């Protein structure tokens, strides 16, 4: 007997990706997808890759109706729009995985300083941050999971174990130079997302004021007990999918590769979806595109007093829909990797 | 003493390209550019490639004001919007090169069946189709030039001399399989122009109902006295610039390469901007990107009874702004190649 | 009990793709992969996407050794190199799916006129052309399957049913304007495959002398009893994966859309991997990338006397490795779709 | 009377770019180009963009013969190969601009520790580092110019004035996270330069051991009197052209934007080819592609105690051939911008 799941706000890239992954999932059944803008339109009309795969049509975003069709609901709405919808689904007894930022923060004030007033603060307080490799214990019983942002996933995973290890120089600034594919900007119409603006181009953006920075810091604090000073600089890559983060960590002392590898292995030695690359091997987007893996590599420099961590993920999979399904698997007591073992598409 | 020129509707890719080319033109001075949407904004803010190159700010589309600032005006407005603006500029005594479709057709009814009612039919009747290699004689004295469409330029140039040669099988269907870069779709916001929709993708579109087809046919008739039956199928390429057209011509008899080359050389042997490739060499977009060249190559097949013509242009240069400047040069009695000899940017 | 399979010549893109697909196959086990050039190298070192997915190292191309490790072998060697290897595997009692052209032709003379002398003609005579949707019956008992070429797959599938329908004008020339992604050129080093030569570029190549043309014609004859005159013109697309073919078919008379749809539905109405698009919908590469689907659409033009067929496949999947696995499933009596239902990766 | 110039080693991307730029130069004439591999081949056959633009054929690399044909010679040979050729040209009384690394270093030992023994050390000692904006005075009389590397140009230009300003925290590590297009890897055949390996991909490479690092450090020392500690990490971008460097500079104290802008303006306020972007505007590759500009922008972060500098250049123009022509102009007493004012090609 398959569990019934639904997606509210399924007409963006994250929604499409959820449908792609869920279509191959052995233990759940996708029963409803919604899009206010495309009510009544067959999914295949909007997303031809899903023809004969997802036979549904988009419904309106009626929470009551959706609640009657599914036991667990993914919300893939824009920030702010999700707050109320998640609260209503919760009130209707549904479990929810929210892919917006609205339920990711523990600190309401922090959320409000970067986004807007939160109208469901008690629910925010209950919500669980869905990064299984670091916070797995809380997820199975969660009623609402705040699914991590794409950049935070790519930064927290490599950096948290190094902070935990005590090797980082205190008071130091950690530079996070991150590069993301364009699907991270979503399927909305904006000049900056036009083909001719992105193709053959590359540029930094939102330097010093990207909203993923406080999310990273809050979770790194939670994971390590330390408050890192991050200088987070995102850049836009002319690729459809993928984030590669280069993270520059001043060390407290000269450190060996074995120490770094031990710190990472302690955290992820048993994890399926975090691949620790052997010394001398560095991540590439090609190795993760379309997959739920996070690849992590490192280099020691400056007489081994500087550590450079590199991570690569697919922003739509481990950075969004894949991680959401991983959380769903934990919530439903299914094998954590169910539906998520597809290999990266390279080239 | 430089001639003063202006651009009305300069915030799209065609307008940007006109500014790029005019910035390097030795004999004219760009005195005004307009954009209803960006009044008062410095050009460099919208188009950072033009920083310290074009020091103007966008003005409103006030014809009277522009007419006072320039002797010749380029109109790079959307179809329909251009009709009235061109007429007003003409009434103000200005010479105009219009980059929309509004002044390209000789046959008003044909225009109206594909576009909309034409509110300045007498001016349409006077306007000259600005394809210099075939219709150079009329351009110098033209008051209004209808600048050719990008696809028509890429098809008429290779095909007209072959029709003229009498080698084409009568009553035959000529397949025109054309592939265009995405800048041809303009800088407007549309889902189909988003990076993630175009990148790594390829597709046919508007098959059998693209408005460039009647334009091609009308001009081919004019050039050759024959009415070709074209099957025109455009496709969208994941590149920013360039059109490559593959044109399949059934021949009346078995024909030699020398005959084809002679027909092309008769038309273009003295032309700077049409490069006839040697037998065995075929066009590529790399060879024309950013330049005003049209490269033409051919293959004979099926016992030399089928001719395949290939042409490559940069849709923004020879297919739009470059050709417009070529027309301007002719209208102003300047060397036809002035400002237009920059070499293609490869890779 | 899983069937053991091996891949000889696994260091190219086709080999990599076979590994990707087989890694997710529920009923077979990949026991050996070979590469003369990389003997002893772990697969993950060459193909980081396969880290922790394929734990093998490359072996030498020793047929005897491989024969001891697998019951069915994929050969992904260059043309010519495969002839002997396949023959040796066959002599060793192994079933073989050969992804080169060496076992695709029924007509030995035809093969030899386009390739080289065939040193195992009796085996060639027994080999089966592995295009399941048209020639499924012969595959289950085949000892050697010649896996179809990528272009032929993209052309034969849409065109065969139309030829069968009797709607095509006799003696007419069918233009096949095909566009392929660059992975079709393989992983070998050649100037034409360099990033800077392909990126932002587009061009025709091997016009009138591509070796996939005789393959198409032979199989279309077999499927329809007619000998079509094809004018096959391949072009190189700046994408990694995908073939889109535009096929221009002169019709014997004015035909309705319903007739075309009926002809296609008769052939593929029950097929999983051929998706017939509704009237007005045309294929795109985005809809098939990474999947085993062939999408087919059409347009009628010229007073319905011309048919334009469009097909899209992923050249590495339905055009190579996916189709090979589909053949394997048939040969092993497994569900034909096993391991092949992954959805296209879009964007 | 135009000065005669030649290019030795003209079959790579740098050679092609030199030809493109020199073709539009008003004061020099390109009289000879060489390529050992393509002796006798017309330039247009190798580089179709240069058809009817450069009418030469490649000659052999015979220094004596070239010396008879030109007064100034560009050498665009691989590192090491250039040492002797430059020395011979010098001995023949020719002025030389060398685009390899062989004449860039003042410190012979430093060169030899990163490259190989230098067999013309006395000439190395005389050679001038050709970065006009910082070291213009020495260039006009130079006999041999070592043309800067692409990464060093993109890093030294923004960073030198900041070091000079005294605002940088002493003993601090400056992170240089640089991203380069693929033409930087040259036109040689290597797996890592294949389209399918680069397209949709992104990755760091040569972390901590790229040979451009000592070059940067030596010139920054020369320009500022300080020895910066750089952590230089190059990455490979899926674009043909362009380098964007993100440079993270710890400051000695809290600094204002006005101070940064003053430091940059002091160095480059009068320069044509360095564009200082207004506060809040950051560089993009689109703004410089095909042009000789270096765009520089900045952000202050971490309570204004961290400076992030961003620079964008076209690696083949300001990072190679354009800068070489700028040096030539200075050496020949021509206007420094002659032939170099073409606007970036965007989109």
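By written order: A, B, C and D. Residues from 1 in each chain.
Rule of thumb we're sticking to: contacts are C-beta pairs under 8 Å (C-beta built on N, C-alpha and C of every residue); 3 or more make two chains touch, one makes a residue touch a chain.
Just so it is clear, the model here is predicted, and its values are computed rather than measured.
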Comparison of A-C and A-D by number of C-beta pairs in contact, larger one: A-D
Matching residue numbers in more than half of the contact pairs is the bar here; say which of C-D, B-D or B-C clears it relative to A-B. C-D
How many angstrom lie between the CA centroids of chain A and chain D, rounded to a whole number? 39
Would you mind pulling out the distance in Å between where the CA atoms of chain C average out and where those of chain D do? 45
Any idea how many Å lie between the Cα centroids of chain A and chain C? 36
Of all residues in chain A, which are in touch with two or more distinct other chains? 13, 183, 196-197, 199-200, 238-241, 283-284, 286, 289, 347
Along chain D, where are the residues that touch chain A in the complex? 173, 175, 177, 179, 196-197, 199-205, 207-208, 229, 231, 233, 235, 237-242, 244, 246, 248, 250, 282-286, 289, 299, 301-302, 306, 308, 310, 312, 347
Quick check: in the complex, which residue numbers of chain D touch chain B? 13, 16, 20, 23-24, 45, 47-53, 183, 200, 240-241, 272, 275, 277, 281, 284, 286-291, 295, 341-347
Note: in the complex, chain B contacts chain A through residues 13, 182-183, 187, 189-191, 193-200, 238-240
